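In order of appearance the chains are A, B, C and D, and numbering begins at 1 in each one.
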């Protein structure tokens, strides 16, 4: 099948495993039909089809696998994602892509890399994290700051804590508030994500940050990042829009004159800071 | 997979929404096999509101204690409660005169001191219980009903258009009755989904599907007043299926 | 200059001959008086002196609602296999031809849309010159845009016929028996003042941020969708998928959308990036006049005047230009 | 001490109703039919509305009868304003009424009544037990709906019919398609009618009082469709004077009203029409003749079969009307202009369930100052209750569920349309 067709017709896949992460979020591992592999760059997205429901843009949460599987971390949010959450292993879905630009991993070489994830934003950043860990020697330092609403909805926590023990990753976790039990979680701050940046000083031009999270996260985080010394050019934001086609036709995802699905979803802060309604 | 069980019931209404179900002639035999019609007095003599329903499709406005009782019983036994049709969704024709004295209206029909005593101003379902989904229309459209039923089979609910009748009217290349004839067409503020049935036969939209989410009510009023239609007439027409418009609403 | 000429009395034969290339469609007037492109059996079905049809020819390439994929459990998602009907669209004015040229750039660009291509390849275009009315402001109503297979320029007793595409050149050869030769000077291309203003503003990248008109538009607009439905270059679409009762098959559709609708800028969870109508108007402006993505900088407005004519509250985006940019190059 | 047995709600009928049987020991003392439909006060909704809004509002009184309510309402308004309509408009109105009748009878026969003949609860069971009959019935019903949709613009609550004409005449090729569809289902309709003539009626025979039938008879001799209300007891009156014939009486044991014609209980509907000699198409006339022994002078349970005969009639009539319409030259304006003035108008039509009368008074601005609507189900109530009592009394001693089943089937034979019975009646 030629590339343009892959872009417009979903290929079939089966749900191989479903790992419930929280009450409303699960990790779906899909096996593509016909030993097909699915190369992508961290930060790119796919259009996932749930038959009878429709299509949603999702960023793979893992690295491209050689065995033709792909891992998607999906929160139950509405129409299509609810249907997906009702599926069982073995059920069929469709997938098309990858779309968008992805994170500029080459530009991160030699830098102090900061990953900032809010809530579900950890999904694409997990993919980036894996990539950077695999090419750890290319960058100077690697820090992941991850904020969740409460301890119970913190995704991949054990996995992240374990990665942190290797010493190649600095991990800072925070929750907006503690669970009802009131018990403090070990290794976890209480407070909003930007608070983790308070007082941090980075070397301008030698540091960069990748941010992904709900719309509300961006404004305050950017201010803190700028204060910390990260250049506008080096702040990468992954934007969410309602992408219907993924190939720049349906027009739902325009940010100013940029199309989020083709020229994004990852933009540098400098590129979009003057666009009204971008953030 | 177990067959989803359905309740289809009517409150204060004309039975048109339930008839719309029975009007799915081509699909009815299939539907009979796909769902368990546990409670559907119009279509079946099995009439106990017993166990659990996957979904209850409730037609009509609430205007009597009996209506309310049926509604509450269905609500408490159903996973999904669907307001079925304009009366259930918006109040419908029976509610158009809710601004007038009900006692006086009853007297005008039945005479002084006579007539039914136990009834109140008809209101939509959501005034009394939580409604999960609605299929609007007086009558509702078959295809929307079938799409809902198909989605229910998958444990989902469908997505319906959020734009006004005008969009469909233009898509069908009908004459714009508002611009070309100066008629008080309610297309601009009415929820689409009927494929502009009325303008398609050169009849102004009477708004039978209720307000579109994004109605610029104030501007529609201004346009119609400019065309020389009295405010009283516009409001009377607008009230026909939904008595609670916000006439100052712009978005 | 020598030109190929089709006399009025040969028009009927010409139309018959066109049917070799597909089912003939052209401008007609419905019983209610709406001008619309539709099937044409005989010359008398045509409405040759029409100004603009309600819906532009985009409906032939991108139907208001179109099945884009079918799903079955066995085969997964597949393109609908129905071939596009071979059609000849007769009597297309310059503005609409330019509209099609714009859609071609969008849908046949880097990532071509297969369904669009299928329909486009099956459509033969025969252009027709026209007389502008006060609402029009196209680049030139007389000149043949390059995507017209054939173009007919109205003279008093017939038409000058020219071929603009390879397909058209081939067609013209077969048409010879119906044509004669005349001496005529091709009209000089005149661009409307409005188009010049608009282009100037677009080149400057002006979005008239302080114009009070935005508030005015936002307050009046009914969000009826007409302007976009009737625009020859509005192509935004929404995608819907419905499962069938059998539980095994589904259908995915795309249908025309409108950036003036609130839902256009919504994402899951209800956040809206263009919550107010004013923002949505700016967005529409941006798309129409400054362009997006690969077509950034290419104005999409072809000056057909439809959005103004069909707007129930007479909103006219060109008022912005008249106010701010009166320079005539 | 007496006990009360209640059927609640009545199933497979249109609208909300209950039947209460009071028993003294095993003896039936009385039977009450309660039409508990919530009052929507339609007459009050109409008062104060301009004439052109009346048909649009009143057709919402009932979905199954929306076409005939719309047409009757239009005729009453046109009578009040002295509007003459064009011939095609008149034909289209007859056509939509034929469609309405096919749909209504089809619904009643195949979805509501047929399960009784198999002793099953409803359409779901029917789809399994008699799939061929059910599907054939649905095809007939669908054809009726196609007519309503094509002529009315909507399947229910037709929009296309307005005072003085129509919004738009249907396209000729659509008419032709419709014609062939009707042609296709005609044999099915004939077969269905035969089926109802041969199936053993599930209803227990009883000593029902021979009915006094009432129907509208058209007198086509005059230009304006003048019609008469006639009864099998020999009464006859111009329909505009319906109030002189149809009186409402308050029942001594209740505060509800029953309708009487000249002081007598009357019944309306398909059976009444056949017995009063309403004109029939050729194949329906044959069907009527074949089944005459079951129909002539018969009590209301035979109404079901009568509807079968009429089904054939309406299909044939639909075809004939389309033929007439197709013969006419492509017509011009679908609406005629008219002046507005003070006036009052009455129209009586045969709805699928029987006599339907609308009467309006309009002021000089065309605003409705009074409205009166007489519906078939309201007229039939007294007879229904009388027959229920007759049936219940001979069923003394049968077990409760059988008694309920039987009484419900009798109510169903009347094909009541409870939403139509505007007046809330408690007997």
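In this section, a contact is a pair of C-beta atoms (placed from the backbone, for glycine too) under 8 Å apart; a residue touches a chain by one contact, two chains touch by 3 or more.
Predicted model only: the values in this text are computed from it and were never measured.
Enquirer: If I average the C-alpha coordinates per chain and also across every protein chain shown, which chain's average lies closest to the global one?
Expert: B
Enquirer: If you average the CA atoms of chain A and of chain D, how far apart do the two points sit, in angstrom?
Expert: Once rounded, the distance between the two centres reads 64 Å.
Enquirer: Round to the nearest whole Å and give the separation of the Cα centres of chain B and chain C.
Expert: Centre-to-centre distance between chain B and chain C: 37 Å.
Enquirer: Just the number, please: Cα centre separation of chain A and chain C in whole Å.
Expert: A distance of 39 Å separates the two centres.
Enquirer: For chain B and chain D, what's the span in angstrom between their mean Cα positions?
Expert: Centres of chain B and chain D (C-alpha means) sit 25 Å apart.
Enquirer: Going by the touch rule set out above, which residues of chain B reach two or more other chains?
Expert: Chain B, residues with two or more chain partners: 150-151, 154, 156, 159, 202.
Enquirer: Would you pick out the residues of chain D that each touch at least 2 other chains?
Expert: 168
Enquirer: Could you say which residues in chain A touch two or more other chains, in rising order?
Expert: Only 52-54 qualify.
Enquirer: When you check every pair of chains, which ones turn out to touch?
Expert: A-B, A-C, B-C, B-D
Enquirer: Please name which positions on chain C make contact with chain B in the complex.
Expert: 30, 32-34, 36, 53-55, 64-65, 219-226, 229-230, 240, 242-247, 256, 258, 261-263, 276-277, 310, 312-313
Enquirer: Chain B touches which residues of chain D in the complex?
Expert: My answer: residues 9-16, 36-41, 43-45, 47, 49-50, 53, 56-57, 60-64, 66, 103, 107, 111-112, 115, 121-128, 131, 134-135, 138-139, 141-142, 145, 153-157, 159-160, 162, 166-168, 255, 334, 408, 419, 422-424, 426.
Enquirer: Touching chain A in the complex: which residues of chain C?
Expert: 69, 71, 73, 76-79, 106-107, 110-114, 235-244, 247, 250, 252, 254, 257, 259, 264-269, 271, 273-274, 279, 282-283, 286-287, 290-294, 296
Enquirer: Which residues, counting only chain A, touch chain B once they are in their complex?
Expert: 52-54, 79, 82-83, 86
Enquirer: Contact residues on chain B for chain A in the complex?
Expert: Those in contact with chain A are residues 150-151, 154-157, 159.
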